[in-house]
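Shared between the two complexes below is chain A, which pairs with chain B and chain C, respectively.
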Partner chain A sequence: MSDARFPFAGLTGPIDCDIHPGMVSLAELFPHLEGRWVDHLQAYGVHLRQTFANTMTYPRLARDTARSDAWPPGGKPPGSDLDFLREQHLDAQNIAYGILQPLRPGVASERNLSFAAALARAVNSWQVEKWFKPEPRLKGSIVVAPDDADAAIAEIEHWAGHPGFVQVALPPKSLEPLGRKRYWPIFEAAAKAGLPIGIHVSGVAGHAITASGWPSFYAEDHNSNIAAIQATAISLIFEGVTTRWPDLRFVLIEGGLGWSTALAARLDRTWVRFSSELAHLIEAPSIHLKRSFHFTTQPIEEPDRKGMLTEMLREVGIERILFASDYPHWDYDDPRYAIPGDLTSVERQAILRNNAAALYGLKL
Partner chain B sequence: MKTKYLICAKADLPVGERRIVTVKGREIGVFNVKGNFYGILNRCPHEGAALCKGLMGSLVTSQEPGSFMMHREGEILRCPWHGWEFDIRTGQSYCDPASVFVKQFDIQCAPGAKVVEGPFVAETFTVSSEGEYLYVEL
Partner chain C sequence: MTKSIDCDIHPALASVKELIPFLDPYWREMEESRGTNALYMSSYPPAMPLSAGLGWKTGDPLPGADVEAVRRQVLDVGGCDAAVCNLLSGAAMVANPYYAAALCRAMNDWLAETWLAQDRRFRGSLVVPINNVPAAVEEIERRAGDYRFVQVLLYLGGETPLGRMQFWPIYEAAEKADFTIGIHPGTAYRHAPTPTGWPSFRAEDYANIPPAFEGQLMSLISEGVFQKYPKLRVVILESGVTWLPVFMWRYAKLWRGTRRETPWLDRSPDEIIRQQVFASIAPIDAADPVRGIERLCEAAGSDGMWLYASDYPHWQFDDPDPFHGLPSSLRERFATENPRSAYPRIARILNV
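Right, the complex of A and B next:
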């Protein structure tokens, strides 16, 4: 790379904390499923908490939510072809490591919990075979079925210590707020395995995204994700998760970050006024927010005033921010242009790769 | 000094089609919009995507929720990544016209006879003395 905005040479480029691996069809999971679940998948399909199983809750801006140039040759779905992923993203952007976020099938929102546990194992085995083995730059997230805590623990224990997996994936659009006690065994297992929790905007909760019901447009759903991520962070702090596991790290993926400074101030004020209700919180919520949470960059706030984004990133805390591209989705960020040029070289390198390397224990 | 570069025979670029050419290291998309030819840089001013591979669509407007109208079909280029829309004729952005625009190039049309006289390398093309050719000036 000769681009001056891209201060890396050789094979030491950015770490991308959000890449979506695709499947040509669900048949890619068959070798990783027991016979009875292959039959089940073919007979019944997946059953998310919505009426129409193979649709998205809102029609998207772009076909398959993807960049229109991300369809591999031959018409396969975006993100499903390793060679094309290399050519268009890993090699083109000199990516040192890419962290996979498998979203489909939506394991965490599957209603049949036994099937969900089988799908979780299958998707994790598929990550190993299809992606980690042929491409060591790719790392992944352990997918679990959060509403069956025992199965989720078994899944985390099964993969703990595997060099390919760097975090446990949970959805913010869950059946109940993630801080609720039903999910605590999962946090215990992740803490024991030394793995952060990656919370990527995802999930079909079965209830509306807003407090007043279903909005009309994808644009509203898209922005309501930010509120869902904030609610998740509040839940994890107020319910006591970040008190119980102070060393457990949560990565909020695709949920923005500019809001966190205002939220920290608001939560601290709430905590003082409601101290009797929140007596179990010994430290101010802002301390939890700063200590326990990381944020990925994409899709980042894009303020009009030049320099404002840089101020915002510094206010949030450079050391807590991780670069993410969201490849192959339509709102993809290019690592050369997404991070403001008026940050110092040290700050840019921290966001683009050093923070992620430290958090996930990746060797550069 | 500006030089004329040959793109292709006019007949090879029908209405609604485009062709991406590299001229002096720059990728330029050449578009046939309703019989008129326009050239713009293949780089979105927002985040650098290959803009000229985007959809050639319409400008959608609305007077009130629930109704919409489509105008200028085939004249609006939509970026393959974030969906920024540009007027192919002017390079002007429709999302933020005051500050975002894409660089434009003049596309000219000249008779085939001039091809063999011009300064470019004509031998890489099948020259037809009857056809018309498209140029970009850079």
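Right, the complex of A and C next:
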């Protein structure tokens, strides 16, 4: 493509660490499910801790959460058509690799754990067949239902070594904070498989989405994802997960990153003040935060003042930051514009692709 | 420093016996027969180092319970001309709404007699039964003429986000009487302290406080409380504070994309925060507190929001004055000018 509007044309382009693949309908999963689960899916659907059968408690302000131009020809759902994904995003932006994060169905929050295990296998097989096989630029996440640790481990072991999967997906809104002991066998399995954990905002855990109960508006729900991401990072550090598996990496996806500097200071101050309660934590929490966690760029907090965004990125640590578009969502970030112009070109390349290539073992 | 105001100190009930004289016979008997045991909040168990410093043991005088000691340490040695007393009591969180109302009334009466009457420099925050809004309004109206009370104190973790319409009569009554609304950590634990459930450690609950403040502030703003009550001032207390500018950036951006759901918002949320929200700067989550303050002002685009507080007797820092090195003009702003903006009722009496 030789269009001057697309500066990556002809160059090795970005690695996009957050793309949401869609289905025309859940029938796309049928070939990947046993008969009994096909019937179950059709009769009972996905069973979540939420008010409505077919919509979220806080409906999005954009249909399908999508940008308005992301409907493929023929009106198929956004993200459901590989050709259109290529045309509108992968080819247009010369994306080197795109990492898929399937959000629907909500496997990790499915209350029926036998069904959840079947759905996990189906979604992962669907990623392979519909996306990885025809499109080598696409990689994905092993979806599991964490509340059945044995089934989750079996799922990880099934796909370990498959070149399409670059991480294990876990939700930041789960039944318990992810650092709790019940989830530790999953971290062991991921570490053994050499896979990082991708924690993308998701999950219908049944807990009120704020510490003071249920708010009214979608914007509040959106912001509660940041609370969940922080709570998850805190839990993984304080419980000792990042101590027990110091080489395991956690990618915090779609949770912002500007909050992490204040949090690092708060965690260190907390660790000192509650030292007798956290006696098992030998190193300062800020060291864990800098070592074990990566952050994707979308959505990014945007200061008013010129230069503050760059300062923020450098403070978090350029090497920790991974570009993500969140295609096809309404708050999508275009890689042409998303990274501030006053970063050095080495810093830009790190964020746009080199950090992700190193983390996920992707050849550029 | 002249005319400085300490925006957050914590007097404490040594035992529930102190409260009994302020209860009517029916509630007196309830208290005595049910053994509620002074209603210390789970958020601040009395022996925890954060609550009381190291070395406090049962049998020792409870830090914050001795008027003379507080007067000496906060007012005389600290050099304050006014200190706002914020009670951290579970009275407001009692499940029985009538019991909660009686206990809150008694706590406010206890505060008035035991503290506010002992030294003209003490100011008080009203505790109110958040789950009994008519009684809360009645309590605010009862004390509207007593200018020793300057604030209505609400706690961070309740059953329903504070912006929701069931609480609006509280804001209406507060605005009418010029009471500031203060929000302080302390949770009823009716909900998990995080959206992903219950952490294991008290340290973890503590670390998760800033997102809880985001939720409450977002609720107040998005529900339109500041539009409905344009004179209302809200103070965020003991939050760690360095989370706030980042939240302002994030919410301003989020509002641009989601504002059709909240069409009553007439300006960007960060504008609303700069104009009507204040925050105490003790403790501050920053490796270097002085640099942290400077960055706060820069990042939030305001030096008018920040309030000096000692947070006595909580043990948040090893250095009793973490702000030495701060320019005196800023110290003046935070300890004198800003508190007077945040607490219009403070200047109504005395020479402050």
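The criterion applied here is as follows: the second predicted complex is superposed on the first by the 354 of 364 C-alpha atoms of A that agree within 3 Å, B and C clash if a C-alpha of one lies under 4 Å from a C-alpha of the other, contacts with A are read in each partner's own complex, and residues count from 1 in each chain.
In this text, a residue touches a chain if its C-beta (ideal position, glycine included) is under 8 Å from a C-beta of that chain, and two chains touch if they have at least 3 such contacts.
None of the values given here were measured: they were computed from a predicted structure.
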item	value
Chain B versus chain C as contact partner of A:R249, first or second or both or neither	neither
Which of chain B and chain C A:T210 touches, first, second, both or neither	second
Partner chain(s) touched by A:H288 [first = chain B, second = chain C, both, neither]	neither
First, second, both or neither for A:Y337, with chain B first and chain C second	first
Most chain A residues touched (candidates chain B, chain C)	C
First, second, both or neither for A:S68, with chain B first and chain C second	first
Shared contact residues on chain A - chain B and chain C	61, 330-331
Chain C residues touching chain A - in the complex, by the definition given at the top	49-50, 156-164, 187, 190-204, 206-208, 210-212, 214-216, 218-219, 222-223, 240, 242-243, 245-247, 249-255, 257-258, 260-262, 283, 285-287, 292, 298-299, 301, 315-316
Residues of chain A touching chain B in the complex	61-62, 67-69, 330-334, 336-338
Partner chain C, residues of chain A touching it in the complex	61, 172-180, 203, 205, 207-220, 222-224, 226-228, 230-232, 234-235, 238-239, 256, 258-259, 261-263, 265-271, 273-274, 276-278, 299, 301-305, 308, 330-331
Complex contacts: residues of chain B adjacent to chain A	47-50, 53-55, 80-83
